Each structure stands twice: as structure tokens, then as C-alpha cells.
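Multiple structures follow.
Here come two complexes built around chain A, the first alongside chain B, the second alongside chain C.
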Partner chain A sequence: MTVEHKILFTGTMGAGKTTAIGAVSEIPPVSTDVRNSDTSVAKATTTVGLDYGELTLDNGEKLRLYGTPGQMRFDFMWRILARGALGLVILVDNSRPDPLADLDIYLDGFAELIARTACVVAVGRMEAHPQPDIDAYAQRMESRGVLCPVLPANVTDARQVVELLELLLLQLET
Partner chain B sequence: MTSAATPAIKGQRALLSFSVEGLPPREELLLKSLVRLLDHRTHQHWAWKAGQADLRVVGGQASAEADDPAPAVPVLAIGQPDPQRGGHFLALPLHADELENTLNRLGAMVVHARGLGIAAPDTHIADDEEFRLLRWPPAALLETPARVRLATLMTGRPTSLLLLRQRSGLAPQDCLDFLADLRRAELLESARQPAPAAAATPPVALSTPSAPDSVPPLDSRPQALARDPVQPGLLARIRSRLGLLTTGHK
Partner chain C sequence: MQITPRIKLAAEAAIDTLMREIKGVKAVVISTEDGLELAARVENTAQVARLSAIASSLAALGAVAGEESNLGACDNVTIEATHGHILMLQARHPEITLIVSVVTGKDAIIGQVLYFAKQATLSLQQA
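What follows is the complex of A and B.
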């Protein structure tokens, strides 16, 4: 039987989950995108199910990369996906109206996974939207009792996605 | 290593703190925001902290005379223009360029004072002394990828200098400097077990006892987590697949 491992990517609609997975997956990411009906977000399609990518390790085992649906109404899937996951990458879009509140949603929704595994928070679109800054995120996480890396990231750059995963792995070493 | 004679240095900049007393909330918020915005311009890195800091910023509602004066702590008064006022003073409304110049001038004073050994000395960091990181450090302390890795290694269980060196593979001085900077920024807490008589009281920060107001009670702070065990060799295989080298040699 093939041993499987998984890492989750979560975040709001448009935060870059599909892009991040596509940046490192060895297969084209499988997405269940549909036409976006949320007119507040300038995006033609969005993920209502999940994204999937994978990497084959040198012993044949699979590392599966899942992108969760972004909307809270699909939070029942978050719990399902979180089972057995190695860790979580939270992607935050700093151009949204209240990105700190967005972060809260995922810190709450994945609290158990974060507590027992590892988590990295990656904040996107900071060049055009520098506020809130990274320190504001760190303070927010501190106020919620969460301590994990938080840093700006552009997930269209595969190297940066790899760096996020490396920070996840570093935490799992502890 | 940071000592009284060698101020904490982040890159080429000293890490300094300022406290605020007696300013109207709006002005205090504006001041803190301006300091953050000016961070890429000021000669020192300034961070706000509650309690005793490297610089006291006082408004009209507070006395420039501290109740428990610290001789090496300069005071910056902020208020309405007053030609009779002496000392370090900034007039309201605050202007970024004036604030920048003043911070640079006072920062240089503080650094110079430390060089003369006037400020309180920092505590020595022993190899086996364990620390707990209280929160993710500000970006000013994480200028290099190596420092991001060091901070990441400290997000789990309490870590000593020795463990940090072993796990990061970085030079001992780099690890020591990072811990010293964290301690100076009051982001480290000793992980030593409290004595039974003191067990009911919160632990005291290493260098000074104050902490930001937003810090939650000790019980809600990140503690050493019992993380799920990971299959032996798995992390190395994932790193290999991602094209990453082993820890500390990335």
C-alpha cells in the first residue's frame, strides 16, 4: 500500500492556493473550480471543492498537496482535510478589506491542526498593500496564542513556495 | 554578544525601544505608526514597549520626571509649541522628518551611552539556558533567511543556544547575536522551571520585566507543543524532493 502524506494550503478566495500548489506539484493541479458568483471578487473562477497536487518521494511515497475551499461555508471540509495532515500553509491576501480578520478565520478553523503540527502564514500582495504589516500579523497571532512563522510571499514564485514548505518542515523537526 | 559595552545590533543598526506616557491616544497611535513607517530611514531600529525602555516619550499629561528615574534614559517631550521648553522636544502636530531627526539624534545618544557602560548590562546567555520565544519577531529582526530559520526553530519547544546551533547549523556567533537581539526586544522568556514558592507568579522577562499590554496571560501563550510524531526520514525525503538541502545548509 502506498504511504501518503499531505500538506494543506488554505486561505481566502484569490489568495493563491491553486497557484501555490501548481508551483511545486509534479502534476498539473487538479482543481474543482467553477464560475465565481461572488461579484465582490474580481475572479472568473474559484475553488468550491479543493485543489490537489502531489510529489512522489524517493521511496515511492506520495506527498499530497491540498488546497482547501476558501469560504467558511465549506469549513466542514477543512476538518476532513486536516486529518493526518503534516501541516498547514495559510495564505492571506493583504489587498482584502480586513486581512487580519481573514487570518482569524483560518486560525480558528484549523486550530487543532495548528496546535499539533506546524503552520506558516504567508501574506501576499504586500507590495501594493503594505498595511497591515507583518508585525501586525505577528501581534494578532500572539493575541490568539499562536506562534508560527509569518512572512510576505509571492506564491507565483516557486522558490518562495518551497521556502514556505521548508519553514513548515523545520517546525516538524522540533 | 550583546553587553553593556556593545549595544544589540541588527545588521548595522542598534535595536532600541521607546515607551509612551501621557500622550492622547490618537497622538500615541500616530507616533507609533510614524516610527514604524520611518523604520527604513532611522539609524536605529525603534520598537515600542511598555515599561522601562531606552527612550521615554512623554506628553503633556505626564511628567518628564520619572517616579523611578533611570539615569541613562533620555526623555522626549511631545506637546504644544513652547519656546520656553528645554530638553528634547517635538511640537504637535508631529512631522515625520522632525521625528526622524529626533530619533536619530536620541538613538545615537543611547548607543553612545551604552558604549560608555551607562545602561544596565544584559544578562549572559549560557549555552544550556533554555528560552521560549514569546511571539514571531518583527521584520527588522529577520533581515536574512538564516534568521527566519532560527526564529522558526524556536516556535516549538523552548530552545537553548546549544540546541539552536546544532539544529540550525549556523555559526555560533550568528545564533548568539540572534538570541541577544530577541532578548533585547523582550521577545524571549526563560524556560527555567519556577521555584515552588514563585510558581503562582508569572515568570519575569530576562532583561526587563515589562511586556506589551497585548500579551495574553501566560497560560494562553504558545507553549511547548506536543506535536504529532513524524515518520523517520520523511522530512529528509520531502526536502530532497523539493530540492532542499539538509537543515542549516540550505
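What follows is the complex of A and C.
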């Protein structure tokens, strides 16, 4: 019987949740993107329901990948999607004004899931926006009593997304 | 994106009509398809922001369900709850897609709600 895991991607609007799932999914991803009308964010579309994709790892394990909407007004979807998840990938966009505060929103919003399972934090757009650096993220999580890996990642690259997922699963084994 | 005053006025007019015509109506909220409130008539303002976002998610999930089942676009979503109904209709204006959410008590007649909500949606689409 195939082993299946539900993995959740979250993070701010524009951090790359839909992109990450689309990069690795072996089925056409399910998307609920609609036109963005929030003028404070320069982005044409935004996810309002969920993203869904599937990925089979080399060891035969199947991952069901779900993406959440980023905005806090959709936090009811966060709770729905967190049910039964085995792990969480938080995507942070380092080009935003206060990415550490962004991280706090998702550490709070998914506190129960993080305490129960595993979590990986992936920081995007670090080449152009090196600050805050990885140490600052590690310190922020340590101050909040959260122990999980944090690393830079470009989620348009399928290989890097797979590495994030493998890192997440590795935590579950230890 | 900027929403023109003409559409805002049309949304207010649609709400007036729905609040006046539907027996048992509790709230009407008109929001953008990404869940931001445009106009509303309800006592609890917190509920408005919440309902706008929920309507946005449900409409998007309805759209996926329609498409994946080869049934086409989702025109409306109806929820029958213990104490009432919620109808969410898509108003596809050429400039912007809006979602009209109508919350009613159990005393409302669902056929009447649907009729007036569709009429209001049509007016909104043509504004």
C-alpha cells in the first residue's frame, strides 16, 4: 500500500506557495487563484481557497501538497487545511518590509501544527534582499521556542522544493 | 485595483433591493472575488469581513468543482444551515467579478431568495 502524507505550504501573499506546488506536482495543480484587488501588493492574482498538487518521492511515498491563502483574512482556511497535515513549509519573502514579522504570523497561525509535527522555513529572494539573514530567522524562532530548519530557497526551482520536502520528512523520522 | 464609484453605487443599490425584498434576510455582503468587502448591510461589522473572505474561498472552490466535473463555471453556492441559508452568487461585471452573499433565517423562502439575488446580480453585472 502506498504511504501518503499531507504537506502544507503557507506564507505571505507572493511568497511562492502556488509556484512551489506547481514546480513539483506530477498532476496539473488545482488552483483557486482569482484577480487580486489589493493595491498594496503588486500581484495580478492571489489564492483564495487552496492549491493542490501531488508528488511521488523516489522511495515510493506519495505527498499530497496543499497551499494555503496567504492573507490573514483567510485564516479559517488555514485551520481547515492544517487538519491531518504531517508537516508545514513556511515560505518567507525577504523583499517584504518586515519578513520576521511575517514569519511570526505563520508561527502563531500554525502553532498547533508546528508543535505536533515538523516545520521548515524557506526564505526567498535572499540574493537581492540579504537582510534579515538566516541567523536572524534562527534567533527569532529560538526566542519563540520553535526548533526547525531555516534555509534560503528559490521555489521556482523544482529541485530546491523537493529538497525542502525531503528535509521536512527527515525531521519526522528523527 | 480601483473600483469605480458607478460599481460601488450599483452594489449599494443591489443591497437596498435585497434587504427590502427578501423576507427573513439577515445580511447582504458584496465583496471582491479575493475577499475584500465592497458594501454590506449587517449589524455585526466583524462578520462582514469574515463573510467576504469565506465567500471568496467558497466561490473559488465551487469554480474548481464545476471545472473538474466538466460542468463549467460556478454561478452560485448555497449553504443550508440549521438556522438559515447563505447564498453566494458571482456577479461578473466586465471590470471586476464580485460576490453577492445573502444570509437569511430559516423563515426565508429559498426560491424567492434565489430569484431576487439573481436579479440583483444581473443589475450589478450591467452597471
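Please note the rule applied: the second predicted complex is superposed on the first by the 163 of 174 C-alpha atoms of A that agree within 3 Å, B and C clash if a C-alpha of one lies under 4 Å from a C-alpha of the other, contacts with A are read in each partner's own complex, and residues count from 1 in each chain.
Please note the rule applied: a residue touches a chain if its C-beta (ideal position, glycine included) is under 8 Å from a C-beta of that chain, and two chains touch if they have at least 3 such contacts.
Since the model is a prediction, treat every value here as computed from it, not as a measurement.
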Partner chain in contact with A:77 - chain B first, chain C second, else both or neither: second
Dominant contact partner of chain A by residue count, chain C or chain B: B
Partner chain(s) touched by A:101 [first = chain B, second = chain C, both, neither]: neither
First, second, both or neither for A:69, with chain B first and chain C second: second
Touching partner for A:27 - first (chain B), second (chain C), both, neither: neither
Doubly contacted residues of chain A, that is, touched by chain B and again by chain C: none
Residues on chain A engaged by chain B in the complex (per definition of touch): 3, 5, 24, 55-59, 61, 63, 86, 115-118, 133-135, 137-139, 141-143, 145-151, 162-163, 165-167, 169-174
Contact footprint of chain A on chain C as seen in their complex: 1-3, 32-36, 49-50, 52-54, 56-61, 63-64, 68, 96-97
Residue ranges of chain A touching chain C (in the complex, touch as defined): 30-39, 46, 48-50, 69, 71, 73-74, 76-77
Footprint of chain A on chain B - complex, ascending: 36, 133-139, 142, 145, 148-149, 151-153, 155-157, 167, 212, 214-216, 220-222, 225-228, 230-231, 234-235, 237-244, 247, 250
